[in-house]
Every structure is written in C-alpha cells, then in structure tokens.
Amino acid sequence: MTRAVFERQLNEVQEDMLVMASMVESAITHSMEALKNRDVALAQRIIDNDQKINQKRYDAEEKCIELISLQAPLASDLRTIISVLHITVDLERMADHAEGNAKIAIMLADEPPMKPYVDIPRMAEMAIKMMDGALESYRTRDTQRARQIIAADDAVDSLHEQVYRELLLLMIEDPRVIQRATYLMWVAHNLERIADRVTNICERVVYLVEGRIHDLNVSKY
Amino acid sequence: MTAQPVRLKAHGAVARRQAVSSVSRYVFLGATLVGVFVLAFLAYDTIGTGGDRLSWDFISNYPSRFADKAGLRPAILGSAWVLAATVVLAIPVAVGTAIWIEEFAPRNALLTFVKLNLANLAGVPSIIYGILGLAIFVRFYNLGPSILAGALTLALMIIPMTVIASQEAIRQVPSSLRDGALALGATRWQAVWHNVLPGAVPGIMTGVILAISRAAGETAAIIMIGGFTFLHFSPSLANPIASLLDAFTILPIQIYGWTIDPRQEFRENASAAIIVLMAGVMTLNIIAALIRERFRRY
Amino acid sequence: MRQLDLAESKRPVSPLSEPLEPLLTNDVAIPESGGTAAIRNPSEEAVFRLADVGVWYGNKHAISEISMSIPLKRVTALIGPSGCGKSTLLRCLNRMNDLIPGAQVEGSVEYHGADIYGRDVDPVEVRRRIGMVFQKPNPFPKSIHENVVFGAKVNGIRGDMGEICETALRQAALWDEVKNDLRKSGLALSGGQQQRLCIARALAVQPEVILMDEPCSALDPIATLKIEDLIRELVQNYTIIIVTHNMQQAARVSDYTAFMLAEEHGVNAHLIEYGPTTEIFTNPRDKRTEDYITGRFG
C-alpha cells in the first residue's frame, strides 16, 4: 500500500489522542474518588497531572499541522486530522473540568459531608460510560453508536437538573450548608459539561464518517 | 580509519574501454580520410589533365574532329535544358506525392501498395528507365530522341527517391506543430502549407540536391533515349520551349565520347569537361543548400 | 474508510444524513451506467452534454459509457491515474481524435444542443469554437506576433491584427513581458511564457471553450502558479476543461471535478465520480475515488 509513512503517522496521532483520552478518563474517575474519599493527595496528583494532559493536546496539534502542511491530506484523511484537532480540544476541556472537581474535592475535604453522594457519582458514571462509548465509536467508526450516545446526554442533563433542585432545597432548609452546596453544584455542573463535551466528540465521529458536521445534540434543557 | 586516496585516473576495465574508444575515433577518422584522399586525388588528376583546356572557347565551341577546336556548347546547353525540364517535371510531382502520402491519404491497403512500389522503384537500374523512356516517350508518344523525352525519362527516374526523401522530411516535422495549427481551426491544407512545409523544406531540399546530382550525371538512360555524341547544333536560347523537341546531347555523353577516343588530346578535353560538369553540379548544390539554410533558420 | 485496525469496507451513503441540495439536472435522465449516485451533474447551464461517449483505438476500447454535462463558464477538471482516458475524453470534445488513425468515437457529444459528430458538422468549425492548449508548449517557429494571429488569419477573421494580438496577449497575462519585441521568435521564450503564448494564440480566435491537456506538467512551479491564476481569470469569460494528474492543482483551480479509472492501462476506462470539487476532495462518495485522492494504491 502506498503512503505507508503517512498511514503510520496518521495512526500514531490517533493513538496519541486515545492515550490522552484514557488519561482524561482516569482524571474524571479519580476526581470523583478524591471527592468521595476526601483524598487530598489524590486530588493534588490530578491537579498536577493536568499539565501533562495539556501538553498532549499541544503535541497532537503540532503533529496535525505538520501532517497538513507536509502531506496535503484529502477526503477522509483530512477529516480524520481535523477531527483529531477538535477532539483533543474537547478532551483538554474535559480534563480541566475534572481538575476543577479535584480542586473542589480539596476544598470540601475539611468539611463534614452534607449527605451521602448518590446522584453526583451517578452523573460521573454516566459521563464515563458515554466517554467509553464515544471512543469506541471513534475506533470503529460507528455512527449509530455515536448517535445513541448523543441521545444519552439527555439523561445526564436531567440528573443535573435533579441535583440542582435537591441542593437548592438543602440550601433553603439550612443556610449553613450554602458554601458546601454551591461547591457541589459546581461539581455537578462540571460533570454535565463533561458529558456535553462527549457529545461533541460523537458529532465529530459522525462528521468523520459522513463528511458533514451537524448539531445533533438538541438539548431539551 | 585510514582513508584510501581516491583514484580517478582511468585504470583497469575503464582504461581498456577508453582505449577502445580512442582507437575507434581514429578508425572513423581514417575512413573519412580515405574518402577525402580519393576525391582529392581524382580532383588533382582531373584538374592536372584538363585544367589547361578550360577556356571560353572550349565552353562555347561545337564538337569537332580537332581536339583543340572541340567545345562543350551543345553538351552544356543540352544538360542545362534537360535538367531544367527534369526538375520542373519531377519536383512538384514528387513533393506533391509525398504530401499526399503523409498528410492526406487514408490509411488503407492502396497506400501501403503505393509506398511499397515507391521503395522498389527507387532501386531500379537507370538503364531500365532508359528502355522505358525509349518505348513510351520516344516511340509511343512520338517525341523522338528529344530533350523532352530525356527529361521525362529522368523525371521518372528521380521521382521515387525524391518522394522518399520528402516523406522523411515531412515526417520529421513534429506533429505538435500540425496539431497546434489544426486545433486553432486550420484546414488540413492550411496546416500543411503554413506549418509542415516550412519545417520540411530543409529535408526536401536535401532530397532535391541528391536527385539533381543523380540526374545531372545520368548517362545510360540518355544513351538509350538516343542522346548523340556529335551534334552541330544546340538548344536555341531564343526559342527555349520549342527546343525541347530537338535532338540533344549531354555533358556525361560528351565526356564518354571523348574518353573513348584514343587520342590524348581528347582525354584532356574529357577531363576539362568533367571539371565543368562538377562545377555545374556543385553550383546547383550550393543553391539548394542556400535555400535549405534559409528555411532552417527556424 | 480506514478504521484504526485497518478494516477495509466500502462506506455506504448514510441514510440518516440530511438530504443534500438538489444537484441533479431536471431534464435528461442520467443514464444508469457509471453509477448514478457518484455522478452529480451540475444544475447550471451546460455547454457540453455527453451521452454514452466511448472511443475505440483499433479494437481496443479505450473509454466507454461516459455521460456527463459540463457547465458554462466554470473550470471542470478531469483527474485519474495515467492511462485512464482523460486526454482521450478531452480530445473528443474538439474532434481532435479524428486525427488519430484508427480512432472511432461512439455516443453523442452535444455542444449547445448540437451533436458535434453529426453528419453535416465540419470539424474545422468545431475547433474554432473549442480551442486547445497542449501539454508541451508548442509555439510555431515564427515570431510572437505571427504565432498569436495565426489562428485569426487561417480562419479569415478580419480586423486589426495588431489589436487582436495585443488583446490576446493581455488576456493571457503575457503582454507586459513581450510587448517590446513582438518580432522575437516564439521559441525564444521561457517554458511558462511559451505556454501563455499558446493560450494567447487560442484566445485570439475568440473561442467559447478552452480545453487544456495537462498545461502545466512541463513547467516549473512558479510558471505553473501563474497559469493557474490565469485560468481563474479566464473562467469569467470562457468555459475551461482541464486534464491534470496533479490533484492539488485540480483542487486549487477547478469548480467541478471528474474522476476516471481504467480497468488496465488504456483499456475500458469509465467515469467513476463527478461533482463539485469541494465535495470530491473532502467527501468523495466512491471508495475508488477516495483511494485515488488519498494516494492509496496497491
């Protein structure tokens, strides 16, 4: 097959992106752990590690620009490289949200827990499942799966709404918990943003396969 | 690591090949020199023998039994007339045929037949043309042993080789020139006239030069037609066209006539006549070469 | 489409995507041959309509079943690997295939509704309206002025030749470089200038369409880019059809692109895909087009 070198470079940059994605996934998972277990050291590690994730994004961008300028990619090659450029941005933002949660975990570590965390970890679980699914659909170029995942975002959004109302009630009942509650609202918000970013990734998968970028995530919220 | 000094002087197999190449150079030079020397010797011998006899009288006198009074007048004028008529008859036909074959003819069996025959005709011995000319022009068309009959016969003889040379000349004009003209909406004739012919002229001229030289020196065919060796009249300068039907002689025949005469004086005449003939042919060649150069400007 | 584990599957047209704007023409039904999904005729006014066009060279079927419509005042590019018949197809459009012995054209090529292979049609008329620029610049061995006005002269176009020459040279973006000496030989120009001279020459007969057969493949990059800029300027007034094996050039220069592919070199080539250039190069529908464009062979 011709263009063996280009193929290899194209695969490499996509592998790098998937590695970055797994780093982001573990940042999200660990940030939830740190929150639940009040593990400050873990949270700090997540915050420090964010640098590496950012660097991976810049590396990916550089490689993509190099491929564009030197290899003149067309058709699906071009769409692949464009997708990698966009997806790595989404991943980096997701990592930032996870880092935000880690910071909040540190801030909440000293405070006594308000209530057992139920919905928030559920949101995180759903977001991570969505992310797994999105990466799998990227690997297998499965647009049907991608569309399903986009539809699943509605569930995360409704959970977010629920958490928000719950925390609001708690704040009205007991104003002493306002600070903690607002932090938790922020965590839920971060998780909702993470899920939303995952839908962006799924839209990119559809673009990659079908050649047009649509807004497929029409939120009901 | 010690670096081996790079040895670029020819050695071993390379030196052997170079030796062969150098030798071959001298071999080819030798071959050329053989031709040059032979020509030089012939020229020296001829000029030596006949140079003294060259004079205006010699050129303008009629042949005579007396060597010192003998002249070339009928022979020169005869040759000139015959050659002129031959060229006028043969060249347009030959070039036209070549243009037809290369540019216009449909590619079919007839064309192949024609091309094959042309190649064969070019190799036919000239005496055959002489016999043909005798039968057709002299006898059947009743032209008698005239300049016209001679010219027609010579024309037939030189047409095949001229066609072939012209064909080659036309063929080596790059087809991109032809295509470019046609793509602009030129007709086939316009493309040929404006683009192909100017480029083919050098080659055609070369062919014409060769043909004229052949015709000028042709003896056997004219003898068959009935060119005489001893004439007391020559084509009239006042009446050039009418003269075409006169009997005639040509330089090669005159030379032949004098050569077989045992008397030494006539040998000298023959040598002088050869000089005149060569000078004439060379002049024609120079003219044709000048025409060639003018078109080769491109 | 390549997955990361390199599964090669033909990508279906997604049933879930929104319907594209109608690109299919309203009138003549697109023939079934060639795969209708991948051949999207522009909805704009057409200059040429090809229906089942094919070419035989002797008993070799070089191209077959080509059906497409070529839009007015746009640049249409023909791309494909060597031996895929793009030049052959181009030559069908101005009847230059007539000049190749043994070439037979089948199907119909309609130029503004009239079949150019019709019985009463004169190829010279066709070629006046549909000009051609060749791969290797082929200026005539004449002066620049004579080159440019050649077409006008052979076609009997009246007018001030100097004006015609200047207009054509200006349109070809060559005037400023040669205006000081139009008597200079066309062959004395650089490659890029020669090609622009050939374009000027074609423009001087005021054609409607200009066919370009790999016009830049013999030129250096700067000359190539100058000609590409020229093409984009000319397309405001002329319809241009360009054959190129340089995909980047097709992407830069053309509005519509047609991809052709042969079964083996020079045999049985078909039209695989045809559509707007942006679509062909970002989202081709046929896997063969995708493979060719991304350079995956073997």
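Labels A, B and C are assigned to the chains in the order they are written; within every chain, residues are numbered from 1.
FYI, a residue touches a chain if its C-beta (ideal position, glycine included) is under 8 Å from a C-beta of that chain, and two chains touch if they have at least 3 such contacts.
Nothing here was measured: the structure is a model prediction, and the numbers come from that model.
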Farthest chain from chain A, going by the mean of C-alpha atoms per chain?
B
Which chain would you call central, comparing Cα centres to the global Cα centre?
C
Distance-wise, how many Å sit between the C-alpha centres of chain B and chain C, to the nearest whole number?
50
Could you state the distance in Å from the CA-based centre of chain A to that of chain B?
93
Which residues does chain A have that touch at least 2 chains other than itself?
none
Applying the document's contact rule, which stretches of chain C touch chain A when the two form their complex?
1-5, 11, 14, 16-18, 247-248, 251, 279, 281-284, 289-290, 293-298
Would you pull the chain C residues touching chain B in the complex into a rising list?
94, 96, 99, 101-102, 124-125, 127-128, 131-132, 134, 136, 138, 140-142, 150-151, 154-155, 185, 187, 198, 201-202, 205
Show me the residue ranges of chain B that touch chain C in the complex, using the header's touch definition.
107, 174, 176-177, 179-187, 190, 194-195, 198-199, 298
Given the complex, residues on chain A that touch chain C span 1-3, 6-7, 11, 14-15, 72-79, 139-141, 143, 147, 209-212, 214
